[in-house]
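Scrolling down, you'll hit the structures one after another.
You will see subunit A twice below: alongside subunit B first, and alongside subunit C after that.
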Partner chain A sequence: MKALYRGNFLLMMGTILLAVLILLAVLVPAFSSYSYQAQDVNIQNSSSSFLHIFGTDKFGRDIFVRVWYGTRISLLVGIGSALICGALGILYGSIAGYAGGKADIILMRLADVIDSIPSLLYVILIMLVLGSNVGSILLGICISGWIELSRVVRGEVMRLKNQEFCIAARMAGATPGRILRRHLLPNGLGPVIINVTFLVPKAIFTEAFLSFVGVGISAPAASLGTLIQESRSQMLVYPTQMLYPVLVLCTLILSMNLIGAGLERKAGL
Partner chain B sequence: MQGYIGKRIGMSILSLFMLVTVAFFLTRMMPGSPFQNGNVSEDILRSMEREYGLDKPVTEQYQTYLKNLLHGNLGVSFKKPEVTVTEVIARTWPITASLGGLAILTAAFFGTVFGIWQASSKRLIVKGGIFLGTMLGTGIPNFVVGLLLMLFFGVRLKLFPIAGLTSPQSYILPVISLAVYPSAVIARLVQNTFRVEMERDYVTMARAKGIGFRQTALTHILKNAWIPVLNYIGPAAAFLLTGSFVVESIFTIPGLGREFVNSIGNRDYTMILGLTVFMGITVIVINLFTDLLSAWLDPRIRRSLR
Partner chain C sequence: MSVLCVQDLSVQFHDRHAKGETVRGVTFTVEPGEIVGIVGESGSGKSTAMQAILGLLPERAEIRCRKLILEQEDITPPCNTKSGRQEQKAYEKRMEKIRGKHISMVFQDPLTYLNPTVKIGRQITEVIRVHNRTCSRNKAKERALELLDMVGIRQPARRLTQYPFELSGGMRQRVAIAIALACQPKLLIADEPTTALDVTVQGQILQLLKRISKETGTSVLFVSHDLGVIASICSRVIVMQNGKIIEEGTTEEIFWEPRQKYTKELIDKASHLQEPSDKEEYREPLLSVEHASKQYLVKSRWNLKGDKSAVEDVSFHIYKGETFGLVGESGCGKTTLAGMITGMHQLTGGGIQFKGKPLVQMDRQIQMVFQDPYASLNPRMTIQETLEEPLLINTKLSLEERNQKIGELLEMVGLSLKDGGKYPRAFSGGQRQRIGIARALILEPELIVCDEPVSALDISTQEQILEILEQIQRERQISTLFISHDLSVVKRISHRMGVMYGGRMVEVGNTRSIYEDPWHPYTKTLLSAILTPDPRIARKRRGMWKVEELRGELASDTGCPFAPRCGYAMECCHTQRLETYSFEEREIACFLYSKEYTGRRSHDYKMSSQI
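== the complex of A and B ==
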């Protein structure tokens, strides 16, 4: 009972944090009177004030708006790649698991080969080829991001496909597609959802890293990683300019991790 | 077991081949010529491309590259024609490897200690505290850790040097920034398996025979709890390599990662390709070794492979 309560507590904390972040990321850039790219030479590097809550950067851009605009991009990359990788992983894993035999061995070996190469190297190369935008980051992350999930899905499908309800469905003449959709996946949903949840912070991490190295989102658009990178040149003089994007980025990753851990605890009971 | 080793090595070779192929063609697809420089005339550009063999068809270039690679020759840098990629790797790799090695040792030690502590403690404050710590540890990117450590300990308190690798003290901050994330992951892994293993009969048996908790934990449980950690260390090596990209450029350490970041900035394609191939090979080889090691150490895996 206590464990259940604690599991819910993590989940609750994570959900509340994430909801607040999403709200701010959607509302602040939409309703603020400043734009994320408008420069103003009169107010360079100003500190926090009523007009500019987080102050302004070296081009006089409002950091509050930029931080929440950056959160928007980070969320987009995180959730977008989780959805794409989720769909790919579920499809691949369920085909391999349901087909079994030789097809399964070939498919999973192929996945092993793709997985054994450090994906970050690929992501960097792809960014250099296709240019710095959200699309190529998504593509890069999704090349190998689905593999772990597909292993989980395959395991679940293999565990479930020979149980009575599934055999019954097959005897009643249901097609493999229908069995997967209606019978197998709903039953194996728990571990799958947990895995998809953990894909989000991983993608946000990768995007922030790429932007920090300088191959991520390019100016004047900004993700949280770009903001941290930009403020680095003057971090000795204006440390707060770095602190705000750092805090938001950590809170974002933390909230997703909390949700994942909460779900995990709940499923473990 | 021999069949397994053979299969595993074959897979690694296949992965290596795929890595080299994809990396090669991606690099060739990158926009622009490395010699394009505004004031270079068309003729000179063409003769330079001829000198580097860039005028030949891509498949022929690819064959040459593979052949050279088998001889350990990764080509010369496009930007600095007097250095070969192999020389750069020979110069920078020991530095990166020493940082990464220290970081993984630190992470293994602290991760195990905190994991055992969290699993075995009965005090809620210890359990909750370590849980929160691992949550934060996996939630903060390592470049942020590096920047914050540098700002606080290096600049404010002036306790540690903030650039270069000249003295033993200058290892401390970069190693910590690299070790935070893997420590948190290892702590979580150890905690999970430890909690399960503590309920097992052999632990009760050992305790009933009068063996102290410390000895049971260290000699009996840890043996089992360490297998998942070992499996994590392979991928962690990959993470440390990529982590060292940013940590090295933050602390201006002349290692492989900084060289890679610089070559991205310079669009030095042979360097990018060479370093990618080298790092990929390192990671694949480390993964191979940890897999074989854990198969050899764990009788359950060993028996299932036979």
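== the complex of A and C ==
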């Protein structure tokens, strides 16, 4: 672990930022005396103070709590979709790469077909059908999010499967599952992990974008995108209401990208 | 007046991995027109010293040299810890002019040395025009033609417009030599120029270098680990060990009266490899390959139904307990055949019988030792895990039994159970190859297929690995199929051997009798190309390779694949279907031994070599 961080400024910065963000996202909504949806007419649009660190919005809700609550959703969508897409992509890519030949052609063309429709369209359609909640956003992102990763995995598997150590394992009678698990994936892990890391900011961004456009998570639940959208109407009067969620969103995406870039540099890719 | 005078050259790398000096106080001179050989194992600093002379080393290398004189010019590199940037830059500039013009270099692998996207002609004329600005395009082209002609390439005008991939390995190396000679350098540094080539091609390239040195008066510094090559071409030899020159003298002195123990050892090892071993005979067939063929479907837009044969109608037996050697030049189908026996490739014709039963897929009783010790071990698994895997899959041994077995095998190959916890990166090439052998043996197979197991290793490591294989063979009576392009290795280790050419098995017989009396013209060519580490014998062969090598053509259905290169080729060789004729222990595929050619013979007629 120590070796991973030594001399890798990007990775270290990214991890520290992400750790701070996760801590705040978990702790703030849990321990704050304000709820993310409780409205209070007396304190509409107040500016930053000790009671309300980021101020309140037009319904008198505490923005600090809402921002970190939104970060929770962003993190959930980002990490959740990366995990699901990662699992799917690794499975699909390794099957296609290991089987090779016709199976490979069929599987990859199928993936191409799925990939040919823009992923935003999937998300919007699914939100329309299943309602706008975190689950449907996850589903929408995961429908086509794994394809790029599966191509990477397939390439790695194809490169490695004819290496002599794999042939030796086959000669010893190892099953395809074992060869994939013990020989192929551990050796191709570098590019795979990096790709999975970059899936996180992509998903976070997609969710924020959709919420901003108005097809994402709807009020009173708040995601960072929803917060930015809500404050848009009062942007000129109360710019801070927009500034805080935007800053947090940027930091979140930056931290994930830093981790990705750091890992990339480490792997020497 | 010597061409090159090196005094006290030392190179030190400031690196985490390599501590100490790689080249220590090297002093030597090269006289005009002479060929000086530099021998030593890998890591002895031969190549580093050459690169230091050319100023090609990276910046982290610290070069110290008292004096480095090329003809009259002083090209001593500045000591980079003391000298300023200015001096360094001036040196770089000076060297840019000298490299290619006064000193040029030929490297081991002509494929990586030549630019794959640029035509041969352009690559030669470029060098000429860089060093001679006044030379016109046409003049440069004329010179390029002249050069290609000089290095023995036929139809030079056509070759000028071809790309490197269209040429065979030997021709690429010839082109590399032509580029090196473009500006008539005083000194040519050849760094293992023949190591990547087949034996027959190696002979041709050596002849060429010798001829060029004689004709143009160019001095050659010839770096090689192969004593046979050195003996055949060099007039003076420098022996290096651990970065130091330990011995220097004329070729005769070095080979006949070596003063240093190390030199003696090197020569002994090399000559030891030459001696064929007398081994008992085995008569119980374990594996029989019968008329095995492998065709690849070649998909191309123009040729829809073309299939290429990699292996065509090959038959031979391996007896229980024996080592069967398989030789042939690269691309002749040796490795495909190994793949068929191990079950990696499916046959497209014929069959393989193993222990009396047809072999359909991978059999645990057949294991393999691979060529590349670096690719054959999983870098993410410890040695223990690597060796344990076959046992876990195939046996129900307890942890202790497994460990005992692993320990036993590691000991057998000269490692210990303590090494089991380490990852492959902690081991050298030779040690990795030992681990590869241990892995092949762990399931107690009856046949191991060794595909060029020693060709990536140094002479002394080769010797150790061969000893281990022999010992295993003696103790466990495991049959071995030993594939190699190196004839001396096969001669040393195998009882019987087969020679392949163009996808066919052209001759099979006892190793000893094949070496003493080759029957097939190709076998004879191969054997005559072996270089013995004895200057007297090595120098005697000359003028044997007049013909430019043709690209090894793949087997066709009709005719002998060797016919275009064969000096004995007859009419029928090109047209008739080749058959294999057996005479006692010898099997041979050549029309010289056919009934039509030798005439009707009585029952007890004893066949002898027809060439």
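The rule is short, and it goes like this: the second predicted complex is superposed on the first by the 261 of 269 C-alpha atoms of A that agree within 3 Å, B and C clash if a C-alpha of one lies under 4 Å from a C-alpha of the other, contacts with A are read in each partner's own complex, and residues count from 1 in each chain.
Everything below uses one rule, namely that a residue touches a chain if its C-beta (ideal position, glycine included) is under 8 Å from a C-beta of that chain, and two chains touch if they have at least 3 such contacts.
Please read these numbers as outputs of a predicted model, since none were measured by experiment.
Between subunit B and subunit C, positioned on subunit A by superposition, is the outcome a clash or a fit?
On the shared subunit A, the partners fit.
Should A:P186 be classified as contacting the first partner (subunit B), the second (subunit C), both, or neither?
A:P186 contacts subunit C only, not subunit B.
Once the structures are superposed on A, label A:M242 by its partner contacts, choosing first (subunit B), second (subunit C), both or neither.
Only subunit B is touched by A:M242; subunit C is not.
Considering only the touch criterion stated at the top, classify A:I79 as touching first (subunit B), second (subunit C), both, or neither.
A:I79: touches no partner chain.
What's your read, subunit B or subunit C touching more residues of subunit A?
Of subunit B and subunit C, the partner in contact with more residues of subunit A is B.
With the two complexes superposed on chain A, say which partner A:R178 touches: subunit B (first), subunit C (second), both, or neither.
Only subunit C is touched by A:R178; subunit B is not.
Between subunit B (first) and subunit C (second), which, if any, makes contact with A:R109: first, second, both or neither?
Touch status of A:R109: first partner only.
Contact-wise, after the overlay, does A:V134 reach subunit B, subunit C, both or neither (first, second, both, neither)?
Touch partners of A:V134: none, neither subunit B nor subunit C.
Between subunit B (first) and subunit C (second), which, if any, makes contact with A:I117: first, second, both or neither?
first
Thinking of the overlay built on chain A, is A:V26 touched by subunit B (first), by subunit C (second), by both, or by neither?
neither
Angle at subunit A, subunit B to subunit C, CA centres, as a multiple of 10°?
Between subunit B and subunit C, as viewed from subunit A: 90 degrees.
Give, as a whole number of angstrom, the minimum Cα separation of subunit B and subunit C in the superposed three-chain arrangement.
Nearest C-alpha atoms of the two chains are 8 Å apart.
Could you pull out which subunit A residues touch subunit C in their complex?
163-165, 167-174, 178, 182-183, 186-187
Which part of subunit A faces subunit B closely enough to touch in the complex?
Touching subunit B from subunit A are residues 109, 112-114, 116-118, 120-122, 124-126, 128-129, 201, 205, 208-209, 212-215, 228, 232, 235-236, 239, 242, 246, 249-250, 253-254, 257-258, 261.
What residues of subunit C sit close enough to touch subunit A in their complex?
Contacts found on subunit C: 342-344, 362, 364, 366-368, 370-372, 375-381, 386, 389-390, 393-394, 436, 439-440, 443.
Which part of subunit B faces subunit A closely enough to touch in the complex?
Contact set of subunit B toward subunit A: 11-12, 14-15, 18-19, 22-23, 26-27, 29-31, 135-136, 138-141, 143-144, 147-148, 151, 155, 238, 241-242, 245-246, 249, 261, 264-265, 267, 272, 276, 279-280, 283-284, 287.
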